[in-house]
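Next come two complexes, and both contain subunit A; in the first it sits with subunit B, in the second with subunit C.
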Partner chain A sequence: MQEVKWRRLPLNSNYAVAYAVKDCDVDVIAAYPITPQTTVVEKLSEFIANGELDAEMIHVESEHSALSAAIGAAAVGARTFTATAAQGLELMHEMLHIASGLRLPIVMTIATRALSAPISIWCDYSDLMNTRDASWITLIASSAQEVYDSVIQAYRIAEDPRVLLPVMVAYDGFIMSHTYEPVYVAENPEVIREFVPRRKTWLTLDPDKPITLGPIANPDWYYEIKYQQVVAMEEAYKVIKEVDEEFGRRFGRSYGVIEKYRIEDADIVLLTYGGLFGTVREAIDAMRKRGINVGGLRLRLWRPFPAEEIIESVKGKKLVIVLDRAISYGARIAGPVALELMSTMYRMSEKPEVLSVVVGIGQRTVTEEDIAEITALGMKYLEEKRVPNQTIYWGVRA
Partner chain B sequence: MSSKIELPPTYKDIEDLIRVDRLPTIWCPGCGIGIVLKTLLRAIKKSDIDVDRHVIVSGIGCAGRVSGYVRLDSYHVLHGRAIPFAIGIKLAKPELEVTVVSGDGDIVGIGGNHFIHAARRNHDINVVIVNNMIYGMTGGQVAPTTPRGARTTTTPYGNIERSISIPLLAIAAGATYVARWSVLHVDHMMNSFIKMFRHKGFAVVEILSPCTLFASRNGIELLQLYEILRRKCKIVSNPDPWESHIDIFGDKPIILGEFIEIERPSYEELVWSSIRG
Partner chain C sequence: MSQSATSRPVYRSPFDLPREEYLAPGHSLCAGCVAGMIVRHLLKVAGPNTIVVTATGCVEVSTTLYPYTSWRIPWIHVAFENAASVASGIEAAIKVLQRKGVIDPNKRINVIALAGDGGTYDIGFQALSGLLERGHKVLYVLYDNEAYMNTGIQRSGGTPLFAWTTTTPVGKVWKGKWQQKKPIAEIVAAHRIPYVATANPAYFIDMVNKFRKGLEVDGPAFIHVIQPCPTGWRFDPRYSIKVAKLATETAMWINWEIENGEFRVTVPVPKRKHVKHYLRMQGRFRHLTDKEIEEIQRFIDREVEYINKRLGKEVIGPLVE
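== the complex of A and B ==
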């Protein structure tokens, strides 16, 4: 096996995606411009035009068509890619279910962005959280390097015959999509291509053996077909961990399904996802210096939800503060991850308190001071034994 | 965030229709959309329709920002959906004069199907399409209106696709007033805007507007793009829509004029007459 040679480049997360897609030798890309995703496809157009990537680029007229075109290409066996954000992801919503229902291993990246109305081009996770039940495997990265590595892992996961589900890799719009970081990319992409070998693992259209994809399923079979997606998600959970471990052995970087930061001896755990975890880590270091026993957990895998790992990590803790960057309107616990965590913890005999906090909506800045103040508030609630059973909307001018 | 802007004296007549507090606009220096906005507001003043009855609807994109700068009832809606939104307004309140102002990508790209079916039904709304031949707001990607051969960030060595001709599409779909001008043809634009307000039916006015990104992606100065328009645009009376294809870097002239002006009952007339019996 050839050794990988790394090249250290200054890349933002959008360009990190483009390099990963190139290194995975994708065949068909279909996309529509939308801020803050657009430079992903611009870079890929450049790679294709310069002959660095042998792929077809389809300049479709909407995101609905972008995913439709990717579905068509995947249905004939092509390795496909698309990328979007916010309204684009919403416009794709119908096709999200088609892609997963047809069990096509499409990979898509999301530079997360707040939803209209009112129009906001800035970051939060309301677009991604709206796709929760679409049967897509969903990874959320927190650095440009992890974005690059996750896109590569995504093809391996999606195309695994035990899985055959589409994969989304999400990261903060602007905060990550437009911020440059040092990223190691393979100088010899053959090595990456060896890691994601071309295998025809999924059912495709073939004139020699004609089949029909996606016809009507009546009440006698629809349920069983959808149940296969449930099983595939369960299988995916194992595969995601396997692939990440193998990636680590091969390339020296792995991430797990959750990332832990100074939680071993912590009483209080801050749980969040995406680029915000960087701020949380800094805040934890500062609070630790002041003698506060606090640690951090980052959700890297959103679907399938890493229940066992989460339960294991929060066991024996006094308080978990969940920082969500999306709102589930009308829910008492309105942070989507907080809600998920609480339902996951329901059967635990001795469980920590959970404080659900909404932050960073429409990219309202979240500073280390905010994190420290939120932690202090959580500690106060804990001490007074009155952790509220409803979400705190941090910093809102209500 | 923005410092206080004072409009020059030449804006005196339309100052009351501009949200001065929202200035400066997001448009690049040299962009043509400002000319369209100014001309549209003057046309509204001259329209014999009470200003309060005018409504502006726009989608997403640079031209879509028009709705935010007008001191009128205005709606900034989703990408591609300005036309169905406008139809809803017109059906609920037929006494309003509803004008969509948006870009080529918004109206004939992502919103293309709405454009076709609104034209087919001859909805009594006005559609001003500011055609800059590129997705400008997102940084200059290829659009359905990008001429063949033009370079964009997603076609770095030139676009291979044929572009949509807006007048041809509009007429084929059933629009009853269709005109095309450029931002250099302000008087003609003004006349067409006034006509479209008076017109009962689906009125389309396409305005060719140079985009600084389009120029830079194609290695020319913005002023050169204005010069190309000045040199190549040819006003024709009763122009043939089949000749309306835009060949920006070739030898063929760009045909301007009023492509169609016919009467056909509008959807609103038909629907209200059927209700009233």
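== the complex of A and C ==
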């Protein structure tokens, strides 16, 4: 086996995606421009234009067609890629369910962005959270390096015959998509291609062996077919961990399904996802210096939800503060991850208090000071034994 | 960019078509439905090295009731509005996979998108225009039964003037649809693709030869086929082909093609019948007054004049009965 040679490049997360897609030798890319995703496809276009990647670029006329074309391409056995954000993700929502229902291993990246109206190009996770029930495996990265690595892992996961589900890799729009970090990319992409070998693991449209894909299923069959997706998600959970571990052994970097930061002895845990975790870690270090027993937990895998790992990590803690960057309007606990955490914890005999906090909506800045103040508020509630059973909307001028 | 030169021979009689059937019997299309006949012959022309994308619609639900299928070639249905986009993805994938040697580069695989009027005129229009503009080598076949028949006869952009549908009912105020049919084939032709045609299953040899040409050009081809629908048009199922024939005899439907920019009427009609012969056979036009029929006739007269003028000769003749 050839050894990987790394090249350290200054890349934003969008470019990290493009490098990973190139290194995975993707066959078909169908995409439509939308801020803040656009530079992913610009970079990929450059790669193709310069002969660095042999792929067909379909310059579709909408995101709905982007995913539709990716579905068509995957259905004949091509390795496919698309990327989008916000309104584009909403426009392709119908196709999300069909891509997973047809069990096609498509990989898509999301530079997360707030949803209109009012229109906003800036980051939050309201676009991603709306895809929760679409049966896509969903990874949320928190660094450009992790974005690069996760896209590579995503193809291995998606194309695994035990899984055959599409995978989304999400990261903060602008905050990550347009900020540069040092990223190690393979100088010899053959090594990456060895890790994601071309395998015909799914049924394809082949004239030598005709199949009918996407038929109509009545009440006597529909349920069974959809249940197979439930099973696939369960299988995926194991495969995701396996692939990440193998990636770690092979390339020296792995992430797990959750990331823990100084939580072993912590009483209070700050749970969040995406690039915000960097700020949370800094804030934890600062608070630790002031003697506050706080740690951090990052959700890297959103679907399938890593319930066991989360339960293990919060066991014995006094308070979990969940920082969500999306709102489920009308819900008492309006942070999607807070809601998920609370339902996951329901059967725990001794469970920590949970404080649901919404932050960073439409990319309202979240600083270390905000995190420290939120933590102080949580501790006060805890002390007074009155942690509210409803979401706090942090920093809003209401 | 293209020549319609010809791996397939010109069809001169039904006996020139292959005997092989690629659309298996046992589907659940209505009695007298012409869509089955259109698809059956389309597949005979295309042969086994073909992938078909079908938009949601009558053909899709009637031929693939899980766990059964009528399709003996690879077939996919994704959704209502995106047959053209899915076909684009398939075509691009075949191209790159042949380049990379994953699919045999010497194998010629036809990609066909098949959709009804709803999936083409209306909800699928944007995807269609995108495919045409990008120039994918895909044959797009529109089977036009002039309403949303699969959901139960609702008005579409392809529904003709004054036709009754369940969403343009005939009442004290409304008298059927109040707009003209969208000239979809001409709109497609405005994309300057290598091949556009209209076809009528009653002129069967003309239709299959158009399928042949559509599969041979190097780029997108679009064939708009009229598909009389006994259920939605309200006529006895045994008259489907008779109704189809009357559509052309009255010039309500003109069979033409544009091959590399050259416009031709492929089925000249030297003596034209009055539109009433076509309209009076169908329950969807039962409510029409003589005045309304004359309004339709005047519209058709203008269309005929336009076609003849465009060709500089009289291919569609005067009204004789």
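Keep in mind that, in the parts below, the second predicted complex is superposed on the first by the 398 of 398 C-alpha atoms of A that agree within 3 Å, B and C clash if a C-alpha of one lies under 4 Å from a C-alpha of the other, contacts with A are read in each partner's own complex, and residues count from 1 in each chain.
FYI, a residue touches a chain if its C-beta (ideal position, glycine included) is under 8 Å from a C-beta of that chain, and two chains touch if they have at least 3 such contacts.
In this text, all values refer to a predicted model and were calculated from it rather than measured experimentally.
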Which of subunit B and subunit C A:116 touches, first, second, both or neither: first
Touch count on subunit A, higher of subunit B and subunit C: C
Touching partner for A:49 - first (subunit B), second (subunit C), both, neither: first
Touching partner for A:62 - first (subunit B), second (subunit C), both, neither: both
Partner chain in contact with A:305 - subunit B first, subunit C second, else both or neither: neither
First, second, both or neither for A:30, with subunit B first and subunit C second: second
First (subunit B), second (subunit C), both or neither touched by A:212: second
Partner chain in contact with A:102 - subunit B first, subunit C second, else both or neither: second
Which superposed partner A:75 touches (first subunit B, second subunit C, both, neither): second
Common interface positions of subunit A, toward subunit B and toward subunit C: 59, 61-62
Complex contacts: residues of subunit A adjacent to subunit B: 32-35, 38-39, 41-42, 45-46, 49-50, 57, 59, 61-62, 87, 91, 116, 119
Complex contacts: residues of subunit A adjacent to subunit C: 27-28, 30, 54-56, 58-62, 64-66, 68-78, 80, 94-95, 98, 102, 198, 205-207, 210-218, 221, 225
Touching residues on subunit C, where the partner in the complex is subunit A: 48-51, 53, 60-61, 64-67, 69, 71-79, 81-82, 84-90, 92-97, 99-100, 102-103, 107, 109, 126-127, 129-130, 133-134
Complex contacts: residues of subunit B adjacent to subunit A: 60, 76, 78-80, 109-110, 112, 135, 137-139, 141-142, 144, 153-157, 161
